[in-house]
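Look for chain A in each of the two complexes below; its partner is chain B in the first and chain C in the second.
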Partner chain A sequence: MATIQRIRKTIYVYKYFVIIFILIGGLMLYPLIDGFYLSLYQKNLMYPAKEKFLLFGNFKKLFFDDPMFWLVFKNSLIFTVASVGFEYLLGLSSALLLNSKHVPMKNFFRGIVLLPWIVPIAVNSLNWKWMLLPEYGYINIVLKVLGFGNLARGWLTDLKTVFPTVILVNVWRSFPFFTVVILAALTLIPKDLFEAAQIDGANRWQTFRHITFPGIKGISFVIITLHIVWTFSNFDVIYLLTGGGPLHYTEVLPTYLYQQGFHFFKIGYACSIGVFIFLFLVVTIGFYFTKISSIQEAK
Partner chain B sequence: MKKDRFVKIWIWVGLIFLLIFVLFPFYWMFVTSIKPNSEILSSQPTLWPQKVTLNHYKMAWVYGKIGKYFKNSIIIASMTVVLSLLAVVPAAYASIIYRSQVMNIISSFILFLQMFPGILLLIPLYILMKNYQLIDTYTALVISYSTFTIPFCYLLTKSYFEGIPRELFEAARIDGCSDNGIFVKIALPLILPGIMVIGLFSFVLAWCDFMFANTFSNSEATRTLTVGISTLQGVWTVEWGPLMAAASIATIPILIIFSLANKYIIEGLTAGAVKG
Partner chain C sequence: MRKLYLLIIVSMVILIMSVSVFSQTITLQVWDVFDPVTSPDARAREELFKQYEEENPGIKIEHNVIVYADLHDKAVVSGAAGSGPDILHMLGEWIPEFSMMGIIEDVTDKVNSWEDKQYFPDSTWDVAFYNGHCYGIPSIASPRVLLYRKDYFDSVGITNAPTTWDEMKEDAKKLTRDTTGDGKTDVYGFAFCSSSDAIRGPQEFLPFLWQTGAEWVIKENEIWKPGFTIDQAQEVFQLYYDLVHTLNVCPPGSIGWGYLEMDNAFVVGQTAMCHNGSWMQHYEENAGEIFKNWGGAKMPANENSATYFEVKVEGIGKFSKNKEEAWKLLTWLLAKDQMAKHTAGDNLPSRTDVISLPQFQEDTFKTPFLEAISDGKPYPKLPMAESNKLMMNELQNVLYQKKTPEQAAQDLLKGLEDILISINE
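So, the complex of A and B:
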């Protein structure tokens, strides 16, 4: 009797979760497991008959027989570290700027700044492509007018500039998130702390170091973590700006995965790249978490 | 006082620089879309067109089939809103009403999924959709988007329900109201503004996606606006006028939503990040 009642109660409670469980189970967990499973197989959509169990064969090929992989992995690391670093700096400085008591219409400016982040990447990347064109792009025209005509170039086709340019566009798109979230944390710092610091004769840097920064440290950690994950696994920005080219100069792991899976139909191999992205992120974030918490404990 | 003025000047310089940096690409997109071709491909482009034309919009909407893609995007995004609300709201309610250890675990698990990158699932999901013959259907996109909106929306809805005083639920229960009754009669009406915010979030997320739409739909029948813009680039390599018109069309709904609910979206965003 008791078990039946318990089952009844469980059904009673968890009927509210039916749709959420079906969606997460069917479209997140099942595909995730399937991805791990497929990564152990040689599977090509073009030749279904040639399916073969390889165990870790795909990973062996990835790490030891695919020179492209290490190049792409390196690009992914640079892309992530540079993007998140500059996004944080730009987000922090613009948040400090907007938090100043001299800024009028704060809500208006805060709304404007968020625009690049909420507009579709397809739109943003097209706008930047247009502005970065070699001949009629506005950036080169401005450079010529200002007398820097020798700097003008096809920013997205020149091998020297393509990677920094892609990072710049990505930073432009993502820094507003940092601005808005840091700004929210800044407004939560009690005002009397700053007054007390002023009375004690603290200079700007000391005030920032001992009052402002501790107030935004926790949230900084959260948004940096989120953005490491999002940037490392971001497909849209690079696919839409350069498609990974020219000559794989901007190829990152997500675009490489897409290419293997949907241009060459090497499903198993592409899944092993996905598994690599997943494990790499889990290990990195785990390391980051323990490192940060051990620093905090030491204090 | 003199120092104050000095600070003010620098702050204004900073603000103007920030505004140009953020807004210029959008301004340039819009201005290009209303310029005649002769003013677009010029070595001395005008900052504001001498002659305003709406031809590019007509060309994009009709010949570029942006009108059709616009309709697809609206349908898919609206259906995503409905499905995510159906999934998230009852679950968030239950997590507040029946507090338990298991419930906490479920909640933190759903939160954790916020970090889950979509690219990992791209290929397994594609195979799944293919096996169930869902490629080139609205359904494939709607169910994928709803799944990816869940973590954030669940978190927000839960915080809205938490804002309702517990006594209200207790009082209703003493008056003989069932849990379902409390949900429909008391909890839902109270968080209605919050539900609108969640709906807008889901809409924006579905509207902006490119990766899933690009992979799960191969034909014009189900193509979304973002994918349409990217495929048009291949067709109209130098027709920047219509391309910018298409980009402007894709931006307008976002601008409308944002100007209506700017404050709530920012609040939700920061609350999500602070708690997540």
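So, the complex of A and C:
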């Protein structure tokens, strides 16, 4: 009787998860498994009759026969590391400022700082594209007005500036997330720790190193991990700003995947790129977790 | 109580579903690029849709306006998923790839039995046909011309539009100048598209290639081969290089421009010449008096004259559930009276009985376009996505001075040969 009641209770609890599992399975698992499956085939939407099973043929082509892949992979790594790095630094700095008692109108600035993140990505990217125009873009006009006209250029057409510019736009869009999360973590650090440090004569750097940073380390790890995943697989910002150009200078794996799949219709090959992105992220994040865990265990 | 709520919700769902199943309203999804906000022809098309709905109770038209680049991708994605619109507006160059993908309906029998077929020139049907099958009705047929500012020409003493490449380069040089006296050049002689994602870039590149006497591809014994030599491609790359670097007649930062940047630069008066189409007439409303200074002429020639003849086709989606109704709407929309209304502003109609109407023949802005039709050539009839990308990449390599025109020409030929191998397989 007790067993039957326990079973009924378990079913009662878990039946609410069934819908979620079905949704996750349908929306995530099925495309993932289908993507793996298609990556094993030579499949071109224009030649449906020429579909054939290659096993790892697409991956062999990707790693050994496609010179564009390594360039694009390198771009993805640089884009991810630079974006996440600067987002964290900017997010941390702004969170520390917004948590400081010396900053007036804190609540107002806490709201304003969210704006880049709230604006839809498409609106954001297209606005930046117009602002960065060489002749009529707002950025160049302001530079000229301030007497820095020699710095004005085609930010998205100059090969030297296009990649840093795209990184800048991505950082501007994403750093508010770091700010908000780190700010929340800062408010949870007990105030008496700072008072005790002040009494002990600790300077600002010592306070940050021994009290502030340990207090936000855990959450920092989580948001950096999330942003590595989001940034490495980011498509929309680069696609809307430059389309991966000029001359593939801003081409990253997601835009390359899109081109192969939806411009050249090589669905099998595009899926192999998708599988690579997925596996690379799983391995990288897994390694990251393992490293962090072993450091924490050592402490 | 919870069971009662569940019963009510399930009953409502069944009721809504049964209403939609038994409803007599057929919704036709039309995907095109005609934006009523910016184009008078698009506004006329919207009015025609409303008229059709009034004349055909039970038909509702859902009009989706999508820019060309996104329209292509959306058609591909939805087609791959087994869905799509009832009526799809297409560029002629999409017909080969869409028909190979099986996402557009073969309407050969319908077209052959359509009494209005005779009013469309064979050159436009050529674009709508692929491998002997017809995939739509040509709706717009317009060549590209050299669009130029007559007032700028007058101010530097040029009396006629250039007729050769050399004249074009000379005129562009004269037209590039400082007009405000601040010591900085503010008008440039020429602009073109070179964005790697541009639809317009290849449409400008190909006429230059044709003007050297070459073709992009030729078919020999059912095998596609490149239709140009390295020298011919090099000549075209050299022209672009000269315009940007030797003569400095293009706006700074214009490398990588798409059609929006190029069209806007001409509209605001930053550039004096560009290759463009009849849709520029939709700026007439906003440009005001300046529009009267816009002139058009046949594209300057090299070995021969040639221009891109753009034919746009409206077809039926393969996965449409209302093909008969879609065909009825399409043939009504492209009938003489209706076509005359929705191409009166900024497009050129494909029907001979419409283009011969006084509103088109007497419109001075349209005159150079009508004269250029005889030089017009459509896109090659094979999937062009990869070769378009190759073309623009090599062009950018030249413009960014990563390759010489000769190196780019060699790589263009080699790259095209590689692409044609998979097409020929």
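The rule we apply is simple: the second predicted complex is superposed on the first by the 280 of 299 C-alpha atoms of A that agree within 3 Å, B and C clash if a C-alpha of one lies under 4 Å from a C-alpha of the other, contacts with A are read in each partner's own complex, and residues count from 1 in each chain.
Quick note on the criterion: contacts are C-beta pairs under 8 Å (C-beta built on N, C-alpha and C of every residue); 3 or more make two chains touch, one makes a residue touch a chain.
Quantities reported herein were computed from a predicted structural model and do not represent experimental measurements.
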First (chain B), second (chain C), both or neither touched by A:I224: neither
Broader residue contact with chain A after superposition on the shared chain, chain B or chain C: B
First, second, both or neither for A:F17, with chain B first and chain C second: first
Partner chain(s) touched by A:I267 [first = chain B, second = chain C, both, neither]: both
Contacts of A:D34 with chain B and chain C, given as first, second, both or neither: first
Which of chain B and chain C A:L71 touches, first, second, both or neither: neither
First, second, both or neither for A:I189, with chain B first and chain C second: neither
Common ground on chain A, meaning residues reached by chain C in one complex and by chain B in the other: 135, 262, 267
Interface residues, chain C side, partner chain A - complex: 73, 76-77, 79-80, 97, 100-102, 195-197, 251-257, 261, 265, 270, 383, 385-386, 389, 393, 396-397, 400, 402, 425
Complex interface listing, chain B residues touching chain A: 7-8, 11, 14-15, 18-19, 21-23, 25-26, 28-29, 32, 40-45, 83, 86-88, 90-91, 93-94, 98, 106, 110, 113-128, 143-144, 146-147, 150, 154, 204, 207-208, 210-211, 215, 225-227, 229-230, 233, 240, 243-244, 247, 250-251, 254, 258, 262-263, 265-266, 269-270, 273-274, 276
Touch list for chain A against partner chain C, complex: 45-48, 50, 133-135, 153-154, 156-159, 243-248, 259, 262-265, 267
Chain B-touching residues of chain A, taken from the complex the two chains share: 13-14, 16-17, 19-20, 23-24, 26-28, 30-32, 34-35, 38, 94, 97, 100, 102-103, 107, 109-116, 118-124, 126-131, 135-136, 138, 141, 172, 176-177, 180-181, 184-185, 219, 222-223, 225-226, 229-230, 232-236, 239-240, 254, 257-258, 261-262, 267, 270-271, 274-275, 277-278, 281, 285
